[in-house]
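To start, the structure itself, in structure tokens.
Chain nomenclature is as follows: A, B, C, D, E and F, assigned in order of appearance, with residue numbering initiated at 1 for each chain independently.
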Amino acid sequence: MSDHPISRFDVPDLDELPDDIRARILAVQEKSGFIPNVFLAFARRPAEFRAFFAFHDALMDSDTGLSKAERELIVVATSASNNCLYCVVAHGAILRIRAKNPLLADQVATNPAEADLTDRERDIVDFALRVAHDSANVTDDDLAAMRAKGFTDDEIWDIGAITALFALSNRYASVVGIRPNDEFYGMAR
Amino acid sequence: MSDHPISRFDVPDLDELPDDIRARILAVQEKSGFIPNVFLAFARRPAEFRAFFAFHDALMDSDTGLSKAERELIVVATSASNNCLYCVVAHGAILRIRAKNPLLADQVATNPAEADLTDRERDIVDFALRVAHDSANVTDDDLAAMRAKGFTDDEIWDIGAITALFALSNRYASVVGIRPNDEFYGMAR
Amino acid sequence: MSDHPISRFDVPDLDELPDDIRARILAVQEKSGFIPNVFLAFARRPAEFRAFFAFHDALMDSDTGLSKAERELIVVATSASNNCLYCVVAHGAILRIRAKNPLLADQVATNPAEADLTDRERDIVDFALRVAHDSANVTDDDLAAMRAKGFTDDEIWDIGAITALFALSNRYASVVGIRPNDEFYGMAR
Amino acid sequence: MSDHPISRFDVPDLDELPDDIRARILAVQEKSGFIPNVFLAFARRPAEFRAFFAFHDALMDSDTGLSKAERELIVVATSASNNCLYCVVAHGAILRIRAKNPLLADQVATNPAEADLTDRERDIVDFALRVAHDSANVTDDDLAAMRAKGFTDDEIWDIGAITALFALSNRYASVVGIRPNDEFYGMAR
Amino acid sequence: MSDHPISRFDVPDLDELPDDIRARILAVQEKSGFIPNVFLAFARRPAEFRAFFAFHDALMDSDTGLSKAERELIVVATSASNNCLYCVVAHGAILRIRAKNPLLADQVATNPAEADLTDRERDIVDFALRVAHDSANVTDDDLAAMRAKGFTDDEIWDIGAITALFALSNRYASVVGIRPNDEFYGMAR
Amino acid sequence: MSDHPISRFDVPDLDELPDDIRARILAVQEKSGFIPNVFLAFARRPAEFRAFFAFHDALMDSDTGLSKAERELIVVATSASNNCLYCVVAHGAILRIRAKNPLLADQVATNPAEADLTDRERDIVDFALRVAHDSANVTDDDLAAMRAKGFTDDEIWDIGAITALFALSNRYASVVGIRPNDEFYGMAR
């Protein structure tokens, strides 16, 4: 499989990149053992690279309110509903790690209604899917319903914001044609 | 109309904001004569505010390749297809200004097929709408077709990226419930 | 913009028209200051012209039960959901006038869920959109629900009938390719 | 079955009706042997009754260009796609009579792609279904394609207009809940 | 109409068929007076013929729990929603016979919401249509709701299983292009 | 995870089953090391068990024309498009084995357009997805197009038939609530 291109667009060499971007990429390589292709594909556009990972870090590296596993659950559920291969495969691996559960990512990607979710997780996924596909009809009543289930305003914002970020990410990945690294598929099975 | 809230979430006071964010807001107020509500609504989350406007500036303030009017055309067409009131009303006003055309924004928001578009503009809008609603099925052939029509790789990337950014923006605006300022509706008619 | 055709079909000269049709057209020109293109496009077919405007007058010129503004609200909401440029632009202008509100037409055309509607107006729009897109599933229970909200049988009939008339009108306008007069866009802003 | 109401709304007595409407109803009863329920249901609103049947007569009683059977074919195909029971059952009977074919109405109502249609009939049905469900995307190219297949402008207008009239009629019938007379089901089998 | 092919694939001669299949076909011909085309079309593949009719007999020839008319009602409703001409026409005839009602099949095929159904029949049809088109979202709650309405587990299984069998049958019939015998259309009118 | 029920319906004990069914189940257990839950769930209905596995064996155990991997490819692609967890997880494992490719099942389940498919495989998947979701519009032209690409009539029949069988299987699995065995998820990764 190694002969498939990782992007439909030219990918810059690491040593041509601005220092901050190269440093970020080397750090993730150090930690993961490989460079996830999304870093290389986005590096073609340094300003967008910085904005994307700033968004990502603000929303995905926090565990205030929503846990990190819950955040990845939103990513996998909404990305699968958008049929985004990169996001489902890469974040499926991360979800298996974060949730310490080898089955959950495949379940949520295939059919959230049949996944082994707690009530809270199901509420999160249901709200995220509405935002992903029918955000124009999210009303005050929907927010009131979430608050009545015990979600804080910051948790509700986070569900909406993570869904929004991966609405962006799914479209970038599909247009740019970012190929998921083979390493992700078997990780934490 | 002035008694409608501008967001479903608490909006911080200007003087509580980090300096860079307050400065950006005051600059836009100085230039426009009012503060577009998206700035106040996003200010609740400084990291997301910075990431969003970094993305915005990278994609919307350029006129290399796509003109600024073409960029706004993508925003209005895709935001209307997502029924996002804030984005259609605010960027409709900007499109009227950028395109020096008082009719185009309403046409594109209502029905791109009936809008007064050049062939190039129609190709841009058609590709953007595919990315907005069926990005998973964008293939190498679609990119080849765009290149055959004369679009550069950077222009194709920009159409995809702007569409992706407003996929994010539309969902943020609808969940957060950002109300378009009354000023936008009548601007540049 | 003046060089765009007003119809995809031949448009007869005013002086070739039957007297009643020419008189109607001159009367609207006298009142509005211009001839809305729908009159000229329909004039190609006198019998259909007469039937259409008889329907229109019976349903839109009344203010028994539904107010005239409520009637226009139905037209703008359902025509926007059918992406009919002529009907949205022309009746958007009339709605701004009837409702004495410069924002409402753009709101309802873009996203009824975010429009500044009273509960009664929202009920009217919701029922109209069901009739526009899923009339086969309107049941006795739906009518009972409307009656329980205080709507009379004549009001319910009118919502259904106006929606039905513009289901016709939207399809005529889109097939015939009737161009909205430039005058409508800026009216009553 | 005779105890099912013929409308969800009050139906006036024949002798309460304006003379022209009563005369029309008695004429159809004379000719058909029964009063189709659409006449009684619409009689509640004389102005709409007159406008509807004026439209109907202008479009359905002609055989210039499109034959009467082709006109009924449009009605059955588009009404079935809108799941309108009255229109499918009543006009299915008329189509069997006009086309002298006991199978065609059921075929077209169930699946136009499997119906025994000539190429010309298939072109008519395909165009009508586009107008019924996606009229906003009918373009100059679509009309050019129809002309290239040999359709005159008046034939194209008629296909669009008949589809539009039954877009209206289907919604009226479904909201009003007009019950097809039992007589229609077995007619011309 | 007799010159239309009964299948898009070669149909074997009766005397080339395995004995059990020929015997089954002759038996149905004896009983019905003609050979329904589904038997001849499936005979091309003896193993699939046997599996299909074994399934059919297990699910359609029983009247334990669901009556035979209720079973046919499921077939007509779901096959119509899949626009399968063979299944609607052939099983429409059987439904008219089983239900001793000449109107019901056309009603259910055109619009279940307007059909003359008992509450129990409506519950059956509604559940069947959900299974036909959104089975992935059938949950424990849906089964609990059916049980609360008085359906036994075997009845619920049967509704699901019959719907599943005709999901198969509709796709076979449409791909293979099985033509409904002319005899079915007028049967039991 | 072991405490999740394997079916929403009662599952019979192995020793209560008819001999042929118990023998089949013990044979698969011998071969696979565990009993796939579909066997236990279907055992509740012996006649349907026999018919289902007769269909399955006729269509899935052959490698005449379509290879076994191609047959599983159809199952995974169409089952994923129906969001059927059991079929995607169980047949995903089988596809990894048959195709000797640890990535293909996840790719096809998530987005066929981004999967590593040969042209022939892509044609098979595209035709299967049309049959799965729009079989009523499969026409003579579609079959001619497949033949022109080199597919034999038996191969085309097989693609349609396998798709039809899993249209059935997906609906059974989702209504019955058959839980995929944990063993499938990590198999052949």
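Everything below uses one rule, namely that a residue touches a chain if its C-beta (ideal position, glycine included) is under 8 Å from a C-beta of that chain, and two chains touch if they have at least 3 such contacts.
Given the structure is predicted, the values throughout are model-derived calculations rather than measurements.
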Shared interface partners, meaning chains that touch subunit A and subunit F: B, E
Copies subunit E and subunit D - interface residue numbers shared by over half, same or different: same
Pair joined by the larger number of C-beta contacts - E-F, B-C: E-F
Rounded Å distance between subunit C and subunit E, as computed from the means of their C-alpha atoms: 44
Distance between chain centroids, defined by C-alpha means - subunit B, subunit E (Å): 51
Multi-partner residues of subunit E (at least 2 other chains): 83-85, 111, 113-114, 136, 174, 177
Chain contact topology (line, ring, star, complete or other): other
Touching pairs - complete list by chain label: A-B, A-C, A-E, A-F, B-C, B-D, B-F, C-D, C-E, D-E, D-F, E-F
Of subunit B, residues touching subunit C in the complex: 1, 4, 80, 83-85, 88-89, 102-103, 106-107, 109-111, 113-116, 174, 177, 182, 185-186, 189
Subunit A - residues contacting subunit C, complex: 136-137, 139
Partner subunit C, residues of subunit E touching it in the complex: 111, 113-114
Parts of subunit A lying in touch with subunit B, wherever the complex brings them together: 8-10, 44-45, 47-48, 50-52, 54-55, 57-59, 82-85, 131-132, 135-136, 138, 140, 143, 153, 156-157, 160-161, 163-165, 167-172, 174-177
